[in-house]
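Before any comments, here is the structure.
We call the chains A, B, C, D and E, going by the order they appear; numbering starts again at 1 in every chain.
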Amino acid sequence: TTDGQVKLGILADMGGTYADICGSGCVIAAEMAIEDFGGKVLGKPIEMVSADSQLKPDVASAIARKWVEDEGVDAIGGLVSSAVSGAVSKVNADSKNITLISGSASNTFTTKTCSPYNVHWTYNVVALANGTVKPMVQAGKKKWFFITADYSFGHALEGMASKVINENGGEVLGNVRAPLGTTDFSSYILQAQASGADVVALANAGNDTVNALKAAAEFGLTEQMDVAGLLVFTPNAQAMDPATAGGMRLTSGFYWDMDDETRQWSKRFEQRHGAIPSMIHAGVYSVTMHYLNAVKAAGTDDTDTVMKTMKATKPNDFFARNATLRPDGRMVHDMLYVEIKKKDERKDKNDIYKIIKVIPGDEAYSPMLPQCNFS
Amino acid sequence: MNNMKLNLFLLALALLAPTVLYPVFLAKVLCFALFACAFNLLLGFAGLLSFGHAAFLGTGGYVTGYLMINSGLTPEIAIILGTLAGGLLGAIFGKLAVKREGIYFAMVTLALAQLVFFFYLQAPFTNGEDGLQGVPRGALFGLIDLSNNMVMYYFVLTIFVAGYWLINRTVHSPFGQVLKAIRENEDRATSLGYDVNQYKWLAFVISAALAALAGSTKTLVFELASLTDVHWHMSGEVILMTLVGGVGTIFGPLLGAGFIVTMQNYLSGGEMGNYIHIIMGAVFVICVLSFRSGIVGQLMKFKRNNF
Amino acid sequence: MTQPTQDFILETRNLTKAFKGFTAVDDVNLKIQRGDIHALIGPNGAGKTTVFNLLTKFLQPTSGSILFNGDDITPLKPAAIARKGVIRSFQISAVFPHLSVLENVRIALQRKEGNSFHFWRSERILNRLNDKAMALLESVGLETFANSITVDLSYGRKRALEIATTLALEPELMLLDEPTQGMGHEDVGLVSDLIKKVSQERTILMVEHNLHVVSKLADRITVLQRGAILTEGDYASVSADPRVREAYMGTEADDVNAEATAEAAS
Amino acid sequence: MSSHREKIRINNLHAFYGESHILHGIDMTVNQGELVTLLGRNGSGRSTTLKAIMNMVGERSGQIVINGHETIQMPAHKIAHLGLGFCPEERGIFSSLNVEENLMLPPNVRSDGVSLEEIYDMFPNLYERRTSQGTRLSGGEQQMLALARILRTGANILLLDEITEGLAPVIVQKLGEVLSQLKERGLTILLVEQNFRFAAPIADRHYVMEHGHIVEEVHANELATKTELLNTYLGV
Amino acid sequence: MATLFDINLFALFGQLLVGLINGSFYALLSLGLAIIFGLLKIINFAQGAMYMLGAFIALLALKYMGINYWFALILVPLTVGLIGILMERFLIRPIANEDHLYSLLLTFGLALIIQGVFTHAFGSSGLSYPVPEALKGGTKLPFMYLPNYRAWIIIVSVFVCAGTWWMIEKTKLGAYLRAGTENPQLMQAFGINVPLIVTLTFGFGVALAGFAGVMAAPIYSVSPDMGSNILIAVFAIVVIGGMGSIGGAIITGLGMGVVEGLTKYFYPEASNTVIFLVMVIVLLLKPAGLFGKEA
């Protein structure tokens, strides 16, 4: 709402599966951004509210509604899980408020359901698929098998990855759709083993990925084929046994131990949160900063003006490298292709990735759709 | 009568409340209160514990949502159709479930509801976990625009009062009397010539339809229908609401729903967010250990007041 | 009163019930005369309760058929049988414990009103049944308890209430399973008088171990043993049968006979 | 009477179910080898007296001495071990156990109980149905089972509630004989009975209860003289 | 290349075996609930939390006290059992005479608290517990590679299940328990300390969940929500098997593992749901479950 008072809402998963990826950490990241910004904008202290989406779209939508209609919130950030982001983005599109998506993988926010008020930071399925799948196919791993979470983000990941595989001369031999929250993956692992693929791709997330990988190692699959985790966050990587996960490659929007700038911010974050930041945490900080800068530059909290300013300014901080915020709301930045370190390569529990390659943003993300050009 | 006075007092409260409190929140409370009252009709007055009521809430929501998005019907028609769909589903569930008793009844309803959940998860029109987003509220009778929250609230209040009245009436009707007798002694009711299963079935259908009404209304309020509403957690939640409020009392589910929705609402924001599960858990434990008969039961202890 | 064409209100043809590896009712052909008080007696485990359960379809017969007023009612469901006018009481007292005594009777009266599925009407329309209900309660001596909660009644009174409830349905045939069981002497007298009284307009089939009651009430007696009919007849002939004495009555029969003669003499 | 022969002594016993006060100060004694009945109308509190002895009521106060042990503070499960056997009015047959399991269920409280053979001899029905589920028995058979069950435990003080209920007259007669035999063996029996004809010839004494009070004590030899009185109390 | 038929048949064998392994796990898990829910009639929604607790205690014991898997197998069930005993004694017993629904509300609350505390303390992403040295590796079968640890699961479950079944169905203590749950007052009057038996039994049932937790730790991600995911499936198994039937729960557990395994092969999307489809069918055909006694 245009009232000269900037108020941010952070919607996170406080107690659910993604609490480590974007729970209280997301709130802390946003707080840090506000503090680093100076705590005030347009002459008034910046306010912030936070809530638990419980990963439910209806809860999220209800909270978002209350925030924008009743409490004068201008922008809502955090937002893990596509269903939650979608619900919030819908509310904001109707009420003309800004959605700062940092946690969701789906690319629909800048395609099918794009809106002038969506900002999608951090990563998306396209970047993950391009980043992880392409180099592997190009390196000769042509035959793929998918173990996919039977949920829309899983389908999206699989679809996107399949596309990349086919475009690069590879072949998808088969897939299984495992219900979300499956604990026992042994049956799927056997099917993957029987498929004769070169790579088994895990198009799932969180504990599902961890459990699938565990079973893969147990049943000796990791010795016969490669496993590619399509959506792995640092806390998940930490939860995996280095003996089985070591050597697995994946794509991330951020790694804390990349250079001094990232290390410096991450140390500060770790002191407050008790754990190293995931890419979502860093993304929340980065997008919040960019938003506040835009408000300051625009001199108003009017949504359209702020959006215009945000898109006109190139984001640039420890997180957003070589970045642009496109008119469709997609923030395109360099992605990292990393490998999980083996046990003997690790200095301590936080030392988990080595960066294989920096993927330029244009290579990672797909081009803008004309109908989503809100310039 | 005393109940009458209390009802009127509550109604007055409900009419004035949106001037102080956020109307969408109040509408949510009313939707859940209706849901819990519908559930309690079955548990409290027919002695049947359904562990699958989310299926009806969700069906009402999805049907109404789908119609509002795709058919151009006015909201009242979409709600009626959503309610009928829930009632129809209830008729099928009921046919299968009333043959079983006690925990088996609960489990049959749970299992059927899980199948329904699977359907909504897989069916193409529901968009999986994203749900039906952006359901338009439309204009009542094509005339009154519901996009205004105040208007929406009073519409919901009207629906709630109607549903609540019907439940009350059902409990205190000739049918309700037979239902009570069946709960007390099923064999005896049979030997008096009552087809107990038909009575249970009808109670089930009424309860299911009203639960669907709650779901339909909720979808309009939030412009969203999602898997949350059909998940078994929701079936569990309505049990909790009813228990916390007081089983078998008319006001219990109302208060229970109000209490739990408010608490969730309050806890999900701010400092307490991290502890929401722990606090909710503690509240349940304390509830059971200290006021077993629910909020209303406790009040009634002070005021022996049979309805 | 009896229709000349139909002497038997109820008949069973080769009625049989086998439980796993055990035949509880074995090829029973029972004929019950309209207007009679018919007693079913026999040793424990003879199958009397099972016969009752079969007649009211609480159990499914293994084979055989049941005829009520000449119609085959074997395929009917329990509630449908009740609606035909065959009402039973249970061996263990059956009331609606947390309803008031009046409501207990009213539930039975309500069925014929045809409004039992009307969930949209007020229960106040049931008040018009109150007078009838009170009259029934009076007939069993419970009028002063009309507004008590049933669970607080003594055992004998619950039995009396049960009978009042059953009467409310104006059954053609009443099935009473040990109606005086667990009652004090006073109550036994009361209930057996009651049965006598209500039998004026209807037929009664009862199971009873109290020979005093049987001898006083029963027009006709069927003795069941091991699921099969041992003998049939009036009290005098049955109690004279040495097989019945050995299997069931023991010397008690003599006491009862002595008493009966004493009573007759006085 | 010397106190060691006193198997049960009750002084000023009050008992409650929740808020309802059922027994209002009962006093009675039962001596070894005696068979005493509690008579009274339905609801006069006879069953409650037995349950109060077993600590199965909501609350109780007063004094209950069993075999010389004060039991008012004793938890329910310890009382049986003083040699008490209780046969409840509702029989309490377990549906999860078969007939023989039901029969063997209560732990022995003393060693000289009635043997299984004797029991099957006494109640052939039970033998025949011994592998049936307990609650599938007929009403009368369940009654036999409930009684047989405690005879087996060797309890020497029996609290029996309406054991002739629902039994065929021949069996009732047989039970009369059994109780007499038990008495001869020195067992102490407190019997709640409606069937006065059954109780009268075998009992040594009768207590008459009304509204939770004991209103009369009648010795066997006074029966003839007190018939009138009993009549007014019981309607015999 | 082998013929398609061969591959399918072999694959099917593999799936069956994997299903059976998973089933033996289910059997182990449902065993505890079969006792608590089936026999004691306590709707224990905290059973999943106890399973999770078992896994976590094993993990913490290893990490902070160096207690290895083998000791944990004994120590953890004892600890969890003790927690169960305290829970029964101080929380559940006071409401024993109330409607069973209150135990649902209570234990659901406890589960929320326990799960919440663990999420708070250890995060939601889960931790990993190593497979014990002695059980590492696997055996090459003609149709699949069988990890030793999975074989171990089958052996242990069979053993534990059979032992429990025997104890409850064949011993005097078991008879006391079954009768004590049906009519506690009368059993007291027979001289049985029913509350004690109930407490110990509850403790035992909970300990079994803890035991299953230790068994699970090496193969699944040890995370706070590991129990809640599996809970209603386990309730379903107990009901399908027939309330009060220990053998029923065990056999159904095994069977459902296989059914689920086959579903994972033919229609994986439905693998979480198939158990409920089976439940509907079973309860419609057999009102008291597969092995339950009808009233």
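In this text, a contact is a pair of C-beta atoms (placed from the backbone, for glycine too) under 8 Å apart; a residue touches a chain by one contact, two chains touch by 3 or more.
Per UniProt, the chains are B, E = Branched-chain amino acid ABC transporter permease; C, D = ABC transporter ATP-binding protein.
Since we're looking at a predicted model, the values are computed, not measured.
Counting steps between touching chains, the shortest path from chain A to chain D takes 2.
Using mean Cα coordinates as chain centres, the one most removed from chain D is A. Chain A and chain C have CA centres that are 76 Å apart.
For the pair chain A and chain B, the distance between mean C-alpha positions equals 36 Å.
Averaged Cα coordinates give chain C a centre that lies 50 Å from the centre of chain E. In whole angstrom, the spacing between the mean C-alpha positions of chain B and chain E is 32. Within chain B, residues 274, 276-277 each touch two or more of the remaining chains. For chain E, the set of residues touching two or more other chains reads 116, 119, 269, 272-273. Inter-chain contacts occur between A-B, A-E, B-C, B-E, C-D, D-E. Chain C meets chain B in the complex at residues 56, 58, 77-80, 82-83, 87-90, 94-99, 103, 106-108, 110-111, 113, 115-123, 125-126, 165, 169.
The residues of chain C lying in touch with chain D in their complex are 19, 22, 42-50, 91-92, 154-157, 178, 181-187, 189, 209, 211, 246-253, 255. The touching residues of chain B, counted against chain C in their complex, run 166, 169-170, 172-178, 180-181, 184-185, 187-196, 198-199, 202, 206.
Across the interface of their complex, chain E is touched by residues 54-56, 75-81, 86, 88, 92, 94-97, 101, 104-107, 109, 133, 153 of chain D. For chain B in complex with chain A, the touching residues are 22, 24-25, 28, 121, 127-131, 133-134, 149, 218, 222-224, 226, 228-229, 267-270, 273-274, 276-277.
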